[in-house]
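A, B, C and D are the chain letters, set down in written order, and residue numbers restart from 1 in every chain.
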């Protein structure tokens, strides 16, 4: 079962393929190249000076809490341009267990219509 | 598969990766120089010499490599490396210079799609990990841009694969089979329009993939001071610089491989070394043309978009456009096969 | 008696033992708890370890193509219903492996995670009961028995969700969960009654061999799909899931993932096996229903995840989206099942879907464990209040990165392999399906990158200065899952060929499942 | 027609139960609704096993006549036992909810997250 060959096999999907081992080897080699290349660079900087302060266009740094952008502000551009989608989604999640049961009944009704009424319609056509 | 074969493959991977890395970095910087020179001329400036990007890299290597105190050092330093490494690994699967990919049966289009995410992801994580508000804003914008352009990009890739599978091609996600069956050869008139639309959309996606104007709001120097690169300097910044160069080559090669996989050598009936030389030259010219249209021209011609405008542009007009392309191609397959121009041509005796 | 005989004997009785061991262990736990807490923990881990080794023993045999049956009651198969039958095919074994791995990891994790709580004897009893229930659901070949195990799982998991009774939200989530589960289970019971009234049988294979697809069968199908899909958290009936996942202790959430997937297994068992004989009688394919539900689940789950600010609730919505992938893959397999031109596509989609069940459990599970670790270290789950923890918790950060890459399907993690299979097969049914699948996957990446930023990156916050790395048992639990993720990612072909493909074949070749009980059955080849 | 009455009762019980779960605001009433659904399903099971003029299936040597089907009765018993467990759990959770929120109004205890 666990021969060397089976470990190196290419993963076939029928329309494509992917060989993780070759990729990993290539990544390791490329990583080595990148590290060597990076090694040519200057690795020094002056610790604990003004250099290491966060850049705020010359303004003094805020408190640490304020320097950390809150997660609800992340992806503003994305949520802003699709605002109507997210607003209606939020409205859908009421947190009320009756609504959960109602959705169940609705889905049952839809499935009923699709599978039984729809089927008869298709049969009629 | 015995030990000899395995070691042969391993050697091929190692040497191939080294060669491709050098190739990608060199031409990435060359094209960057050409791009800068051309855009300067378009704006009526003289512009830097073409070897300027090389000098830039050397300059960055001599600068101090500052790790800000708010950053998490190991992630901050690792991110630029990961980006460069992932970008180089894409070159393994792309047909470059008119040749087959180095590993034709080992990776496909979806893999390339995913590997293309990694450099952007590395920039995002690098930006987040630098602990600066500017960088954070830039990073989250980059991520939003990424979600935005990935929608039309997925449509393009899946459409091409679907069309090929209808043609009875096997392994439709392999770039080698796409190169063997260029889309223009199998498309009817309606499909031709569809593929033109998809090409157009892909050309517009490229600047966003490379964070170029008008989709460079993650880096927007004028408003958020370089965005996710704010805190990067020295050799870390140089790594991102190189990544950008290699990624330009990768994106252009991808467009070439998807839409223009033709070679000149069969036309002239060349073989062996002259054929290689002609093909490589032709490939470099194609890459140059793609970069000219999708990077240089667009970035000179238009101004930067706001981040919500970017998301809107990609999710509404461009997605609809590429869906139109998809529908054209689907119709081409179903309708045109029966009632299209092909029967007309046959009647006229052209085919 | 030598070892080989012993193993053969164990193998023969393993379907019963797999359920009996945790069930008995559950009732012994309170007694052992009297002795010593450590002894109890060791006992629970050993019990589940024994169960796990039995599952692996059974699975290793089942994956070679044998279907195991185990009869409780009358051995005379001519008598109609006076027995309960366990029937284990590759799909059941595959699900059992997932459940047992999750439970085992969860109890290891609980050792430190739940240490400061009281009432732990009840906690471990309920966990063992829940494991027994899940395994029973997956191994049983009898519909009513399925219902009973479903209820055992629901009751124990609802009690576990509400385990932190001092928190209002936890109790509330537990109440919602039990209400929803009970309603679902009652409709399942109703449809079982419909089957019984028509075919005078409770055994899945017997029903499947006799099914006529009458009007009542259609109603039963609607009820079963709706109820089991609700228990699996399919949109738009998913809303209990973020509540329950988000408010339960993390170790419980990990097993809840398994319980959800056991319900999902129920959906597939119903669609493929019970209605397998009737599949050519339906003009509107049930497969398309699953595919469309999958697409909606994927999109809505990921869209909701993007705007969440609570760590565990966000992961829960991610888990909802992942369920969409499973439904998409397996639904595609069901749609094209009768189309001889697309057999390869269907099988690839099925393999992708089934592999994704395992990957979903591991990836989501790992992320929940990380969320639990963060809660343990900081007593905080709101993403708006976290930050800079990568300095204090290096290992946890690495595990989170692995989970992030895996859930968003980045190479070379396991999620990539299964998603690749799904993308590269569903596009033949309709290109839009793969496009949406790719898009959701990118959005999942964005969602978890946001979490990464919010919790781990950024400046060192003064309030978290003294936060330390979590204890070893939690790291071991997370490390185990992370290792499995990486191994699955690096050797996908090996896993697919040896584990996933038999399971996919078991679903597709439903005739074999029926023939194991009714040898004269002719269909399903 | 007369034999359909149990089935009509089943439908009525289930629908009333669903109505209570969906539209009633009081948690206790919702729990009652769930037990109503359960009774409906149990009644359905029992009805399936009934034969006109039959006797209870408890004799080893039957006094004569046909027996009702024993299996549905076994199923119903199991279902009732499970139902009791669920009911107990639900009610205990309701007690906890009342302790935390001071109300049993489903709209006041729920509410979207954050």
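Everything that follows uses one rule, which is that a contact is a pair of C-beta atoms (placed from the backbone, for glycine too) under 8 Å apart; a residue touches a chain by one contact, two chains touch by 3 or more.
Fair warning: this is a prediction, and the values are worked out from it, not measured in the lab.
K.L.:
Of the pairs A-D and A-B, which shows more C-beta pairs in contact?
P.N.:
If we tally the contacting C-beta pairs, A-B comes out ahead.
K.L.:
Report, in whole Å, the distance between the mean C-alpha point of chain A and the mean C-alpha point of chain D.
P.N.:
43
K.L.:
Give, as an integer number of Å, the spacing between the C-alpha centres of chain C and chain A.
P.N.:
21
K.L.:
State, to the nearest whole Å, the distance from the C-alpha centre of chain B to the C-alpha centre of chain C.
P.N.:
38
K.L.:
Got the chain C residues that touch at least 2 other chains?
P.N.:
In chain C, the residues touching two or more other chains are 175, 179, 183, 242-243, 309, 388, 411, 416, 420, 424, 427-428, 446, 450, 453, 458-460.
K.L.:
Could you tell me which residues belong to chain D and also touch two or more other chains?
P.N.:
21, 30, 110, 113
K.L.:
Quick check on chain A: which residues sit in contact with 2+ other chains?
P.N.:
Where chain A meets two or more other chains at a single residue, that happens at 10, 13, 15-16, 18, 23, 54, 64, 67-69, 74-75, 78, 90, 93, 95, 97, 101.
K.L.:
Taking touching chains as linked, do they make an open path (line), a single closed cycle (ring), a hub with spokes (star), an all-linked set (complete), or other?
P.N.:
Per interface graph, the chains form some other shape.
K.L.:
Would you tell me which residues of chain C are touching chain B in their complex?
P.N.:
Within the complex, chain C touches chain B at residues 388, 390-391, 409-411, 416, 420, 423-424, 427-428, 431, 434-435, 438-439, 442-443, 445-446, 449-450, 452-453, 456-460.
K.L.:
For chain B, which residues are in contact with chain A within the complex?
P.N.:
Checking each residue of chain B against chain A gives 1, 6, 9-10, 13-14, 16-18, 21, 60-70, 80-81, 84-86, 88-89, 92, 103, 105-111, 130-134, 136-137, 140-141, 143-144, 147-148, 161, 165, 170-174, 217, 225, 230-231, 234-235, 238-239, 242, 306-312, 315.
K.L.:
Under the stated contact criterion, what part of chain C meets chain A in this complex?
P.N.:
175-176, 179-180, 183-184, 187, 215, 218-219, 221-223, 225-227, 229-230, 236-237, 239-240, 242-243, 282-284, 286, 289, 300, 303-304, 306-307, 309, 344-345, 348, 352, 383-384, 387-388, 411-412, 416-417, 420-421, 424-425, 427-428, 446, 450-451, 453-454, 458-462, 489-494, 496-498
K.L.:
Hey, which residues of chain D end up touching chain A in the complex?
P.N.:
18, 21-25, 30, 106-107, 110-113
K.L.:
Any idea which chain B residues touch chain C in the complex?
P.N.:
70, 72, 75, 108, 110-111, 113-115, 117-118, 121, 124-125, 128-129, 131, 136, 139-140, 143-144, 146-147, 150-151, 154-155, 158-159, 161-162, 165, 173, 326, 330
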